[in-house]
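Structures for review follow.
Same chain, two partners: subunit A is paired with subunit B first, then with subunit C.
== the complex of A and B ==
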């Protein structure tokens, strides 16, 4: 019982981590608001579904194609819609949220609701971990989660583009004087974050159906993890995912599912009160409170 | 001409100058002609008269829409007041919901009439929300915003989990207003009192301090002003405005339940502000009067309604980032002309 809870808590945490990584990349690391994140996640799921079922493509083609198209779509969206209000924080948030709302509700209107909208599992096997049966898809989640986290950590520290992502959040004007085209970097960052969302969708969605409402949940979860972990910190996102993931699984098991949200929200409130910029936030004290 | 200019070097630019009538009627206070008096009065009196006429002449369905629009306009004003004092709040639903539940509880358990619950819920809601947010008044910018975003969501979940105040069912069968006209004129009066009263406060020295906190809080501190006092007072004004809106809706719908803490009540005021223009109080109210009826008009389209609404929202915010109110005010008070550059 306890072993099962711990193992499923671990998997739940990695799922949160997967979802939060892309959001953290765009919103946390490069400081670009992308509240259409949940919509992009669902878009990737439906794109893969269309590729597999309507067009009959093989999985190795439909999966990467969905990731690529989602990234390009997000980049174009940012370049041609949101870039015009860059710097006006409220307008940025409203514009991206509006785009996300439009995409999600369009899927609902077009009738993408039902149990037939599922993605195939990636690994068809079952493994016994410490006496608990874990299916292949959850194993895939663990592997992909670890891989993406390491890649993000490496990418934002050791590549030119990754360092530019961090630069535009730290000081946009200095970044400009160093020859970084901040608008292009912001666009690339949005596209990159969308690609992460798409990969997360491909590995997580096979566990259930592709539901429009999931898009909203994904956004709230990603936001929560990024706040608790601290904007811009990859390590913070990892730790925060595990805190919230385990807290959710344990309350669901030992208390009641209706307390699940209360516990994670309470965790966020306490963190915000005690350490506003999160566990590993890199903000200076005066930025967060006065 | 314009197409040529972009290809070659820019040789002219648009110049904006205040209209003479604006300068005369505002700076010198020489209101010695009807024209100048009207110039000042018209933009303030016209909306008031128009709203009264609409309320009396519109069909009954649209009268209801007008009432809920006014309520959302109040929420938008409350948002803008907090935002212009340096507190960007993503949880207007907190103010709305606390006011709504207070009125519902007082009416359901104590049997108080709306004449008592409305003022009590307004004051009580203001006090409760201010006390709830006192610990985070020191937080700035996005951190304050995140806290206020989470708080109403959590209260909603707590009500669901503990099943207090009717739990998921809510409290229904509450006392309605005695007459629909009384209902509509009450909201309208509240709207104008809040709009003109708070605008007057923001234009006074007191309001200058609040705006100063928004622009640079440390500079205000260095002037030996206690910014937490000011912030708490602004928060009380804003949350009392929001709580009134909630308490009113409770009696208008004769129901209060978990939906009053829903995200809609947090998002719509912000969307109104983004459409109408920040920092003027009138702008967000105007935004609410654009967005709420728009969403009602689209109701016939069924599922496509939210899609079109969201797209229009994006078009408004991206196409007119300064906001409708700022745009209109610019056109009203200034004229534009092309001038030669670099000669």
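== the complex of A and C ==
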């Protein structure tokens, strides 16, 4: 049973990592905590579903189209909503949360309620890992999780846009003096974060159904991981995903399943009390020291 | 300018005059049916659809005849969202009160989704004296409350399954599994909400009393989406049956994990995403072998009871697809007819008279014969000719839903999944 707990703990951690990477990327670069993140995740799921079932598109077209449209929507959200309140942190949170709420409730209003909203599995197979049977979709989650993490690392170090991401993440004003269009880069970063949310949706949602309420859960999970890891720190997000992911699975196996969801909330509470900027966050390190 | 305004006033007056003359002379006030429920949940959405279907049928047939006057029915709905995690009960109650005060319904149908909201909402219903025919919330505590103060709470009825009758259905099915295959080791899994907790605890007692070994019991918070740890525990411990009780969309994941991990235990209970015919396609055909309950006959068709099939097909014809919910729609449809009969019998819309007529209900409907007990709970049995009936069906490996219990409705025998062997 221990092997099983470790393997499923690992998969659970990668799922958390997938949902948190995009949220963290957006915050780390543009400084915007995108509270519409969960709604964008669900939007991607429904868009893919519409592409596959209503429009009859093949998966190789419906999936990427859903990712692209979600990214464009997020970019528009930044240009037309967030930009007007940029720098006013509370207003940013209220604006993005409001838009997220509107998107999710719009889906509910439009009748996207039911159990028929599912996405097809990417890998229809079962594999035995150390005597533990793991289904193909969870393997796909592992592969995509690893792929997206490595891609993010490569992208931010070896591409012009990626380096611009890092530049404004380090100091926006200095980046401006170097001729980087920070507004444009910030828009791209929000769209990039949303694309990550969309890819996460395409690999995680096939495990069950696409439900509006899932948007709220995803936001809570992404927030928990980012707060624990330190907002803006990719290494922090990776470490926090594994900490919370393993803690949830071990709690469910050896303690009580009803405590499973409490783990992430407890982690937020402990971190906020002990180290408010998170494990690897540098945001308020100075204030903490003082 | 002045002449322009005069023309506008004249135009408006003409419009009003036309509307007034077009209205049928002496048209009777419609009967208003309020549906405050979780319309964002499948059970709530389809229950509202079922109410609308019945209302349409009744209106087309001439409406309700109250004291010699034919009256049409109209439906007013409000989403009280009590099925969503994080929506507090007081907010749901505000929705019910808003509905009563603003729409002034003659009766409330469907009602709260969560038992927690029903129990708290009973005082509001009693305060405004509006007959309510609930069809989703399942706690028997409401019946106790009615019996403790019948004069105050007499307005509340339940037309659907409640937890004790659900436990009886489960008991009968489990007994069949024990007799047929020698299964006697169970692992219980349920959602951490009142009705599911009540069911699981009742079943725990039943299993112990009937010679079963309870290997474990786990409760999942609403929204949980990974069931692997518990499935591993059940597999390691050698459970024969996985008892399930869930109404959240994420519970579909449980079945796919059970199938992919090939847990050698029969999954039996209630998982709401497994109930509709669409589940086979939605879950890539990976649900064969699951035993799932239908809380009220009519929510799925039956080869042995024609009224259930007639309702199911009428719903499918009107809305273009079959029911997905195994709980709610059939009794919601039935409620409209029960109310029609009560109004016609009472000859008035006055609440106390309607309640008195409802108490005397005896109707052969889509879910079986409908009669109420002292706690205003519809009486359940195992034969639809005698009482309201729930059933168990099994997903076959070729994607069909086959009723396997009770015997009066059974269309085939229970089969164990291909990777599981009988215990005897």
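Here is the rule we use: the second predicted complex is superposed on the first by the 280 of 290 C-alpha atoms of A that agree within 3 Å, B and C clash if a C-alpha of one lies under 4 Å from a C-alpha of the other, contacts with A are read in each partner's own complex, and residues count from 1 in each chain.
Going forward, contacts are C-beta pairs under 8 Å (C-beta built on N, C-alpha and C of every residue); 3 or more make two chains touch, one makes a residue touch a chain.
None of these values were measured; they are calculated from a predicted model.
Visitor: Once chain A of both complexes is superposed, is A:208 in touch with subunit B (first), subunit C (second), both, or neither?
Guide: Second partner only, subunit C.
Visitor: A:258 contacts which: subunit B (first), subunit C (second), both, neither?
Guide: Touch partners of A:258: subunit B and subunit C.
Visitor: One more residue to check, A:266. First (subunit B), second (subunit C), both or neither?
Guide: After superposition on chain A, A:266 lies in contact with subunit B alone.
Visitor: Let me test your reading of the model: by the given contact rule, A:108 touches which partner, first (subunit B), second (subunit C), both or neither?
Guide: both
Visitor: Quick check for you: in the superposed arrangement, does A:274 touch first (subunit B), second (subunit C), both or neither?
Guide: In the superposed model, A:274 contacts neither subunit B nor subunit C.
Visitor: Kindly classify A:5 by the partners it touches after superposition: subunit B alone (first), subunit C alone (second), both, or neither?
Guide: second
Visitor: Of the two partner chains, subunit B (first) and subunit C (second), which one does A:99 touch, if any: first, second, both, or neither?
Guide: It touches subunit B, and subunit C stays clear.
Visitor: Subunit A residues touched by both subunit B and subunit C?
Guide: The answer is residues 108, 256, 258, 261 of subunit A.
Visitor: In the complex formed with subunit C, which residues of subunit A make contact?
Guide: 1, 4-5, 8, 11-12, 108, 111, 113-118, 120-121, 124, 126, 132-135, 207-209, 211-214, 216-217, 248-249, 252-253, 256-258, 260-261
Visitor: Which subunit B residues qualify as touching subunit A in the complex?
Guide: 88, 135-136, 138-141, 143, 146-147, 150-151, 153-154, 157-158, 160-161, 217-218, 221, 227, 267, 270-271, 273-274, 278, 302-304, 306-307, 309-311, 313-314, 317-318, 321
Visitor: In their complex, what parts of subunit C are in touch with subunit A?
Guide: Subunit C reaches subunit A through residues 40-42, 45, 84-86, 192, 218-221, 223-226, 228-230, 232-233, 236, 249-250, 252-253, 256-257, 260-262, 272-273, 276, 278-279, 281-284, 324.
Visitor: Within their complex, state which residues of subunit A touch subunit B.
Guide: 81-82, 84-85, 88, 90-91, 93-95, 97-99, 101-102, 105-106, 108-109, 220, 223-224, 227, 256, 258-259, 261-262, 265-266, 268-269, 272-273, 276-277, 286-290
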